[in-house]
């Protein structure tokens, strides 16, 4: 067990190095003279005004931007391993600080969205499975397909129109309280709820046919007890994988949803950094998102093999 | 056996649930701080909440001086009034001692937010720090050094004779702050200024800046107790919805086209006033074909239907310009200019004279086998720009120019401007950042100007601009700068389409806002108060 | 988890059987209708999708303009119809390129094994370590905005799932007797890979491809929505939403209809994909496209 965890960790580290290198070299093809961009941000604070040549020269010298790319990458990697992700071109602050102050917002949004998806998805999946091939089942299944087909940015616009503009129930701006959380988490949760419902349904169907459920039924226990005590417990295990499988969807989604709702998380930070070509911040966000993604998947895989010894993770 | 198995599984589920709950609690704990903003226990009545389009991101005066100046935390030595005139600020008077030295006398009754007095030491500290941290400020001010003469007198030494210095001292980034301002790692996190509002706190994660009333302000106590600025509300539609739903009291630039609806709603005040900025076309490279030919440039200037752009793209939040950026009312403006009124026939004629004709009848002009296919670049942050570019594109079609629109970030545009026929559709371009014409004209039309990346070069203009800067006689300067404007418009160095009028939307309970056309975008004033 | 597939061929009778499958039928009908719109766009509407008509801007839906007009006075219905061409063609391109790259890498990896396999699998893991949309964002950031660049970026990133599945398939096919036999008589690897292994991977990948088509449209539109995709005035659903978002208050029709079209198209591909999955590979039931 320990050995397989260590092996996985090793692979994770290699993958991280690979992913950051991939992004690093991609980013340096971003057109636009980097020192020029930095000078605009640091010295002018307004992209519409050209910096003076003096300012540009100073920046170029300060950031040592003339070195070969490979050298720059390894020096970045070396620093990154010591926890230093460099300075934001835009604000001149450490990238790590920029990310850390925004991380809680993203985690909060992600966790609440997962909860929303489970709360919607699991009951629907169970109902669909119990009433297999009924009208209810068809409605649930069709609803699930619609749920994965709906573009999240469009859903966000619809929700704003209905709940913020028409019904005047939720605020359109800011990030303080729970009321700011409702629309973004529903936007993110819907697509995932659809997947959760599908998976719950099929895994319920499988479990219902198992011997012990039949035995429980045979003992004359009420249907509700059978479903809740015996079937559900086991059926929900594969659903845990959802969290892993959907982590990519979720992190990708946060980028768009945070931008639309002005949610101050790392998704918005990343989009802003891309449009402002704040390369160290892009790089830092990518590192964090990769770490989150890879580790959640790792934890899910491991917990899965603990919960269900029949399944062993195979590469 | 079976039981064992199930128990093990249910433990697992509990672990997962506990982790999720823990994560929620953890993330809840961390940002409890930002929730404080919602507590309105201080000054519930005289509180103004502003939705600011641009991000704030820093409160160090050397970087964010303009923002802090706009929100009346930090002040400058001289002030620019809403009518673009220059008046004393923290300085009470100034005089020219020799060609390169200006002597400035400070007011002696100015008290910082921390109750210490403003002296020449603070002024020297602010200038030195601003110029060292930020070489652009040095370049923009043209100041070599600042010397203390006594506690309330300083000398400003310039590189060359410079008539624009008193005006330059009002520049929003040449702000004065106390040398006791709190620093962390060389960055000021608590700026101490002299303005009507005191810095309270800034929360970076949510980009919220909080200010409070300065009871001891030297020029009349402000009426508002608290000002809260939500930065980075970049979407025009979000700002519009925020004010309509009452989440903020004050914002600017709702989407083009919704001003009329807001104006008709008694719950809001809509104030539309001119700004010294606008929309124009910048030729990518004036020294290369096709724009090295002045006939082509003139044709393009004539081909843009400015009237319909003002009416339908700017929704009357704009005015046709005379070809130059200075709006009516500025003393330096050359009021004799007329620019290039929309005239398709002239445009077509000029292109024909320049050798551009549709020889293969495909609707696109060509010359020596080269079709007139070009790109209009613009950027998304100003909402009027993309539709403006699309409109210009369709107007170019009328004269046989096939244009493609590309929207990308400002800095990515810069290096594409050397492509054949590239034009940048620009917005912003504030032309009175200081109450002196040298700032805008030199930056854009001097062959060495910082913003002159398109290579405009006219020796006469260079000479006049140098002369204007070092001439101290105001009447002579008027003549010089008016001549520069005339030459530049004749040369079609760029195509200035329209001035931009700013729209400020407030709740009807917000009173006392004075429009300030001299501001870069907008500027609050200490006379604002809340009354239902 | 490793997935195994029965080898399925798609003879004529099978396709008729497939069409009887309800969701495949619904999906295909929708796609046929969308294709009709795309192909006959110029004959279906009297308006031009690009021509600016400033005097008729922001008009709410009417008989003349059933979906209203946009901020530059263009007919939204016309633009939505023309956008069908762009979105569907681009997504087909993305899926095609992804499949070609994915199958090539997958079968080479599975067929040769050893170090090559390890390196290629490492590459796949690296690409899988980042959510696709994030990588696409970064890549488009590097290439610059534009429909072509976005299509290219998504094509270069979509191959991984095909590579994984086709690698598994190649592993099992190469054990087959006929391959062994051909190898024994000295048929070269390139011939084997292109003529015998690659064709056998295509049919199991069809489900994946159908789902990917829907997914590609979503990604394309998402990037368009962020202003990185198709540039105005080109009609593309995501870019139209991006332009219309400013008028959420004064022009709801600008945000409703393009989104609805995206949903219908993606729904159609997902119906087909689901149906194919149920019908062809019952074992693959719950492979969800990320």
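The letters A, B and C name the chains in turn, as written, and every chain counts its residues from 1.
By our rule, a residue touches a chain if its C-beta (ideal position, glycine included) is under 8 Å from a C-beta of that chain, and two chains touch if they have at least 3 such contacts.
Please read these numbers as outputs of a predicted model, since none were measured by experiment.
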Check your understanding: Should the pattern of chain-chain touching be classed as line, ring, star, complete or other?
Key -> complete
Exercise for review: Could you tell me which pair, A-C or B-C, is linked by more C-beta pairs in contact?
Suggested key: A-C
Study note, to complete from the structure: Whole-angstrom distance, CA centroid of chain A to CA centroid of chain B, is 36
Check your understanding: Measuring from the mean C-alpha position of chain B to the mean C-alpha position of chain C, what distance in angstrom results?
Key -> 42
Point to revise | Averaged-CA centre spacing for the pair chain C and chain A, given as whole angstrom | key: 22
**Study point:** Contacts with 2+ other chains: residues of chain A
**Key:** 30-31, 160, 165, 277
Check your understanding: What parts of chain C, by residue number, touch at least two of the other chains?
Key -> 144, 245, 248-249
Revision key, fill the gap. Flagged in chain B as touching 2+ other chains are 235, 241, 412
Review point. Given the complex with chain A, which residues does chain B contribute to the contact?
Key: 2, 6, 8-10, 12-13, 15-16, 20, 23-24, 26-28, 30-31, 34-35, 37-38, 51, 54-55, 57-58, 63-64, 66-67, 134-140, 187, 204-207, 230, 232-233, 235, 238, 241-242, 245, 247-248, 379, 381, 409-412, 414-416, 426-429, 443, 450-451, 453, 520
Revision key, fill the gap. Chain C contacts chain B in the complex at 50-52, 54-55, 57-58, 71-73, 144-146, 227, 231-233, 243, 245-250
Review point. So in the complex, which bits of chain A are touching chain C?
Key: 11, 14-16, 18-19, 22-23, 26-31, 145-146, 148-154, 157-158, 160-161, 165, 195, 198-199, 202, 245-249, 251-252, 255-256, 259, 270-271, 274, 277, 282, 286, 289-290, 293-294, 311, 314-315
Review point. Which residues of chain C touch chain A in the complex?
Key: 1-2, 23, 121-123, 125-126, 129-135, 137-139, 141-144, 214, 218, 221-222, 225-226, 238, 241, 245, 248-249, 252, 255-256, 258-259, 262-263, 266-267, 270-271, 274, 285-286, 288, 290
Review point. For the complex, which residues does chain B have touching chain C?
Key: 235-237, 240-241, 244, 255, 257-258, 261, 308, 311-313, 380, 383, 386-387, 389-391, 393-394, 404-408, 412
